[in-house]
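Both complexes shown next keep chain A, but they swap its partner, so chain B is in the first and chain C is in the second.
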Partner chain A sequence: MSRINAWITYLQVAPLALVFLLFLVVPIATIIVVSFFDYNTTQIIPAFILQNYDELLTSPVTWRTYLQTIEFAAITWVLTLVIGFAVAYFMAFHVRSPTVQTVLFLICTIPFWTSNVIRMISWIPFLGRNGLANTTLLNLGLIREPLEFLLFSDFAVVLAYVHLYTLFMVVPIFNSMMRIDRALLEAARDAGASGWQTLWNVVVPLCKPGIAIGSIFVVTIVMGDFVTVRLMSGGQSASVGLMMMNAMSLLQYPAAAANAVILLLLVLFTVAAMMRMVDIRKEL
Partner chain B sequence: MARKSNGGVGRRRMLKGAAGVAGAALGSGAITGFPAIWAQNIKNITLRQCGTGVSAINEIAAKCKADLGFTLQMTALDSDAVVQRVVTQPNSFDIGDIEYWMCKKVFPANTLQAMDVKRIKYFDKIVPIFTTGKLKPDSVIAQGTAPNTVSFVEGPGSTKFAKGQTGWFTMIPTIYNADTLGIRPDLVGRKIENWKDILDPKFKGKTSILNIPSIGIMDAAMICESAGIVKYGDKGNMTKAEIDKTIDFLIKTKKEGQFRAFWKTFDESVNLMTSGEVVIQSMWSPAVSAVRAKGVPCVYQPLKEGYRAWGGGLSLAKHLKGAQLDAAYEYINWYLSGWVGAFLNRQGYYSAVLETAKANMSADEWGFWMEGKPAQGDIKNPQGVVVEKKGAVRDGGSFYDRMGAVACWNAVMDEDRYMVQKWNQFIAA
Partner chain C sequence: MHGKRGPAFWFLAAFFGLFVLFLYGPTLTILVLSFQGPSGGLTFPMNGVSVHWFKNLFETQMVGDFAGSFQRSMVLGAAVMVVTVLASFSAGLAFRTRFRGSGVVFYLAIASLIVPSILISLGIGLLFRVLGWDSAWYSSAFGAHLTWTLPFGLLIMFAVFNRFDRRYEEAARDLGATSWQTIRHVVIPILLPSLIGVGLFGFTLSYDEFARSLYTSGTFNTLPLEIYGMTTNVTTPVLYALGTVTTGVSFAVIAIALVSVTWLRRRRARHGSDAGKAA
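Moving on, here comes the complex of A and B:
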């Protein structure tokens, strides 16, 4: 009997296992294998060489690009966390009526019904030299020369990231907050905690799973991004994804694969570190 | 060469059935410009063409359906994606609309087949840039991947480029042009004559070059050579030292803030120029028209050092055979027969067979686009929108003035791998 049960269990996990095997394990294994291949202008040559990794890891460009990507990820993470937390807090604790909560939540999500790229590109005419922002500031007499750093700069990149990805923080944090038993807040107040103390000692710890999930979303998306960096920096900044794009555009798949493996390791490491701090499964 | 126009009949025996044979006989060259394959057989044929956006034109597909009866499905991709598609998914397309520099890279991958010149009706009339390499008998072949160097392979099924002309053609030229810098005449405030003028400190933070490594490096080379920074043996095939010098110079210029942005797509270049973010930049000819169409003055400035030229062409996928291959040849012959040529010329590109295109254009159109003459009346684009008023003269002048002043063709270098590493360094700097 227990044997049959075991089989049934295996059958039950089989579909998902198969999907993972086909669409996750096989592609990643392929990337890893290809990253050791050799290549020339026209073809990829099956081999086992370390040259791709060697060229990648010994080049100062790689390190600089990785640092830049991590920097983008870190700044974006901090900003989206602060903004996302504030927005979620407002919706969860300051808005009393569930109807208004739902409406506000919908308002947050509506921009996400448009394409990611459109939302990003719409910043360009706004921030440009003769764009809305500069024209307004000039007309108000606040500045004399158009602010050049607004567009095609790291500022623009981070701005777009924050705009695009804050919702990924808002949703899970809001979700965590809604599960907090309001009695705990009252208890904290009765025990004499100030507003900040309640926030820091009650709300934040209970929101940890939401924060962790949001952080994983934001950090992994930013680390793998190439479109935002290219469009918003006007090609002035690099990211790891862009490096891979450049390599692939010249059919240098093994070089791009090696880079992908390194990036994957870095992201896995980051996510593992986050999971260590918060046990998401336990909290869900 | 005594090339008979009915030489294709024997090869059409693949067509099954009497109807097919009758159709083949009917179209064996006696009637020109009409489908040579029996409509019953070809109406079910679909040719999938994948290529760069410039030549994926819906009007052409519609006219092809009307004239030839078969369906042409076009997929527009950016140049990098085209290269990848042709090499890695050879069965996903029938006609590869690729550029000559790509050809050097992808043809050896053995996913394309060479064409039999005997089946190309207008082969003898193709502009000699693509066959002998010389526009006029006394022309000097420009640097880079000049089309004639990758136009012929040694035989059917070969992937080895032939030194001279053979009977096996890799690509039918579709669109080609000579590129230079675009400027905003209202904002530059000085005369622009050389490629190095983009480095003028006056334009600090108001210039751009394109961020497609294989093309960007060529514009950079034109600039470096003009400014006397580097002297190249062959700009289209730089040595490592030349790449180093070029990129180092680019990095230095970038750090000084000379560039506003690096564009990668057509629309980005148009927007940069229209919005006034940049006043001088690398540009493609239709982008200049697009800027002007918005009422913003823009000039495609001819420069003393000459142009950087590029060209695209149609190539046949390796898997094509039988009726599909016949249809592909029909398509190619139709492509060169004039209607398409006139269409492309009206967009400011050049087409492969001038004679047939001329027959499909008015004398005024031909004079304006091809001979550098002032327009006698309004000049319209293929969609019927007026693009130039009476009296306008094309920037750079006539076909021979422009294509005769090509300094370099877009190219793939032997040190390709190294170049991309360095280019990444430049973008990351």
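Moving on, here comes the complex of A and C:
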């Protein structure tokens, strides 16, 4: 009987496991293998060479691009964390009715289920040379000429990141906050803690798992991004993802693959560091 | 906590309001601008009000293959939704017992979430190229989308089963139900709202997926790829019309899911429990 049950369990998990095997494990293995291949202008040639890595790691462009990507990730991380924490805190501790809480939570999450590309495009009427921001500032007399840095700049890229990904912070942090026993807050106040002290010494430590999960999402997404950088910077900024895309469009697949391996290592390293803070499986 | 609202409340409430404005403002703007008159541009002011750009959208020669890509994305989204619900639910059942390799599968799911989308796209694209297969939206892109939707589905099922009272199942078994009957008549009806939620994730994430489709969809574009292509060579409000239509589809799907979940909950509240009513 238990033998049959074991088989049933494996059958139940098989479809999921198979998808991950075929479309995650094998493709990543392919990338690793191809990163050692040779190539010329028309085809890739099976081989074992380190040239792809060598060319990549000795190029200053690579280092600059990685630095820029890390910079984007760091800035976005700080901004989404602060904004996400404040938003989650308001919903969890200041809204008293569970119904209102649910509605506000839904309002924050609905954009997650709509198109990112469209949401980026929708900044054009705001940030463009003749956009709402410039028109308003001109009319108010605050500026004399339209600000050029609003659209197609690093500013626009970070703005779009914050716009798109803050909800990845809001949801897990809110989830952590809702599990905090309210008696703890009262105890802190009774013991004489000020509002800030309670926040910093009670709420923040108990939100660590949520903060870690949100951070992992935001940082990994930004590190692998190329669409946002491409659309919002108008081709003026670089990212590792874009670098790979360029190599792909030049049919330099092994070069793109080597870059992919390095990016993967960087991402895994970052995540491993963050995972030390939290056991995700306990948090569900 | 209780009693009068302090200044902290009003400050955070204002902050929250601004955040919501920030989230929805741009989308609302392009909604308005998509009704731009025929001579209007990408920014304000509005030069009249018309549905010119929506008509323009359906004239295929103007903007590429909108109808075709839309159709493909809908079919793909529906297929991903069905597989996501079935595979996540079934895996959720399996994960209730410890089995050998459960850790591996779990970490694969987490890896699938954190490995950047472009790497999955690139990997699957390369794999198909190396094998000499043609990538297509219904094969390679389908698999690529599942690597994004299944982890969400699985994590939701974990959360759901953690809160699921197994005594319902035991009761069913004691009354003589087979395992299949227990699942069909007890577990699925109780979990139906969550399964709808998983379906919502499956459809919308696939319908809007860009990065994982990039190197996997082959000759025929899915809708997000088509939109991306348009951003580089279309400079008329037809872009906004497209944005309005696709966002409308997403909202319709979200609304259907939310309404059915609410309806199920209400019905359950009315008919749910007969505790204490026995003679």
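The rule is short, and it goes like this: the second predicted complex is superposed on the first by the 256 of 284 C-alpha atoms of A that agree within 3 Å, B and C clash if a C-alpha of one lies under 4 Å from a C-alpha of the other, contacts with A are read in each partner's own complex, and residues count from 1 in each chain.
Methods note: contacts are C-beta pairs under 8 Å (C-beta built on N, C-alpha and C of every residue); 3 or more make two chains touch, one makes a residue touch a chain.
All values reported here derive from a predicted model rather than from experimental measurement.
Is A:Leu151 in contact with chain B, with chain C, with both, or with neither (first, second, both, neither)?
Touch status of A:Leu151: first partner only.
I'd like to know which partner A:Met91 touches here: chain B for first, chain C for second, both or neither.
The second partner, chain C, only.
Pick one for A:Glu55: touches chain B only (first), chain C only (second), both, or neither.
In the superposition, A:Glu55 touches chain B alone.
Which partner chains sit in contact with A:Pro172 here, chain B, chain C, both or neither? Use first/second/both/neither.
Once the two structures are laid over each other on A, A:Pro172 reaches no partner at all.
Looking only at contacts as defined up top, I'd like to know whether chain B or chain C touches more of chain A.
Residues of chain A touched, chain B against chain C: more for C.
If you stack the two complexes on chain A, which partner ends up touching A:Gln252: first (chain B), second (chain C), both, or neither?
A:Gln252 contacts chain B only, not chain C.
With both complexes overlaid on chain A, does A:Ala238 touch chain B (first), chain C (second), both or neither?
After superposing on A, A:Ala238 lies in contact with chain B but is clear of chain C.
Output check: A:Gly214 vs chain B and chain C. Expected answer is one of first, second, both, neither. What do you get?
A:Gly214 contacts neither chain B nor chain C.
Under the contact definition given at the top, report the residues of chain A touching chain B in one complex and chain C in the other.
Of chain A, residues 124-125, 128, 130-131, 231, 245, 248 contact chain B in one complex and chain C in the other.
So in the complex, the part of chain B that touches chain A is made up of which residues?
79-80, 83-84, 87, 105-106, 108-109, 205, 208, 211-214, 254, 259-264, 268, 271-272, 275-277, 412, 414, 416-417, 420-421, 423-425, 427-429
Show me the residue ranges of chain A that touch chain C in the complex, using the header's touch definition.
For chain A paired with chain C, touching residues are 5-6, 9-10, 12-13, 15-17, 19-28, 30-31, 34, 44, 83, 86-87, 89-91, 93-94, 104, 106-108, 110-111, 113-119, 121-126, 128, 130-132, 135, 163, 166-167, 182, 185-186, 195, 216-217, 220-221, 223-227, 231, 241, 244-245, 248, 253, 256-257, 260, 263-264, 267-268, 271, 280-281, 284.
So in the complex, the part of chain C that touches chain A is made up of which residues?
Its residues touching chain A are 1, 5, 8-9, 12-13, 15-16, 19-20, 22-27, 29-30, 33, 42-44, 83, 86-88, 90-91, 93-95, 97, 99, 101-102, 105-106, 108-120, 122-124, 126-127, 129-130, 143-144, 146-147, 150, 154-155, 158-159, 162, 200-201, 204-205, 207-208, 210-211, 215, 224, 227-228, 231, 239-240, 242-243, 246-247, 250-251, 253-254, 258.
Under the touch definition given earlier, write down the residues of chain A that touch chain B in their complex.
These residues of chain A touch chain B: 39-43, 55, 59, 61, 64-65, 68, 124-125, 128-131, 148, 151-152, 230-231, 233-238, 242-243, 245-252, 255.
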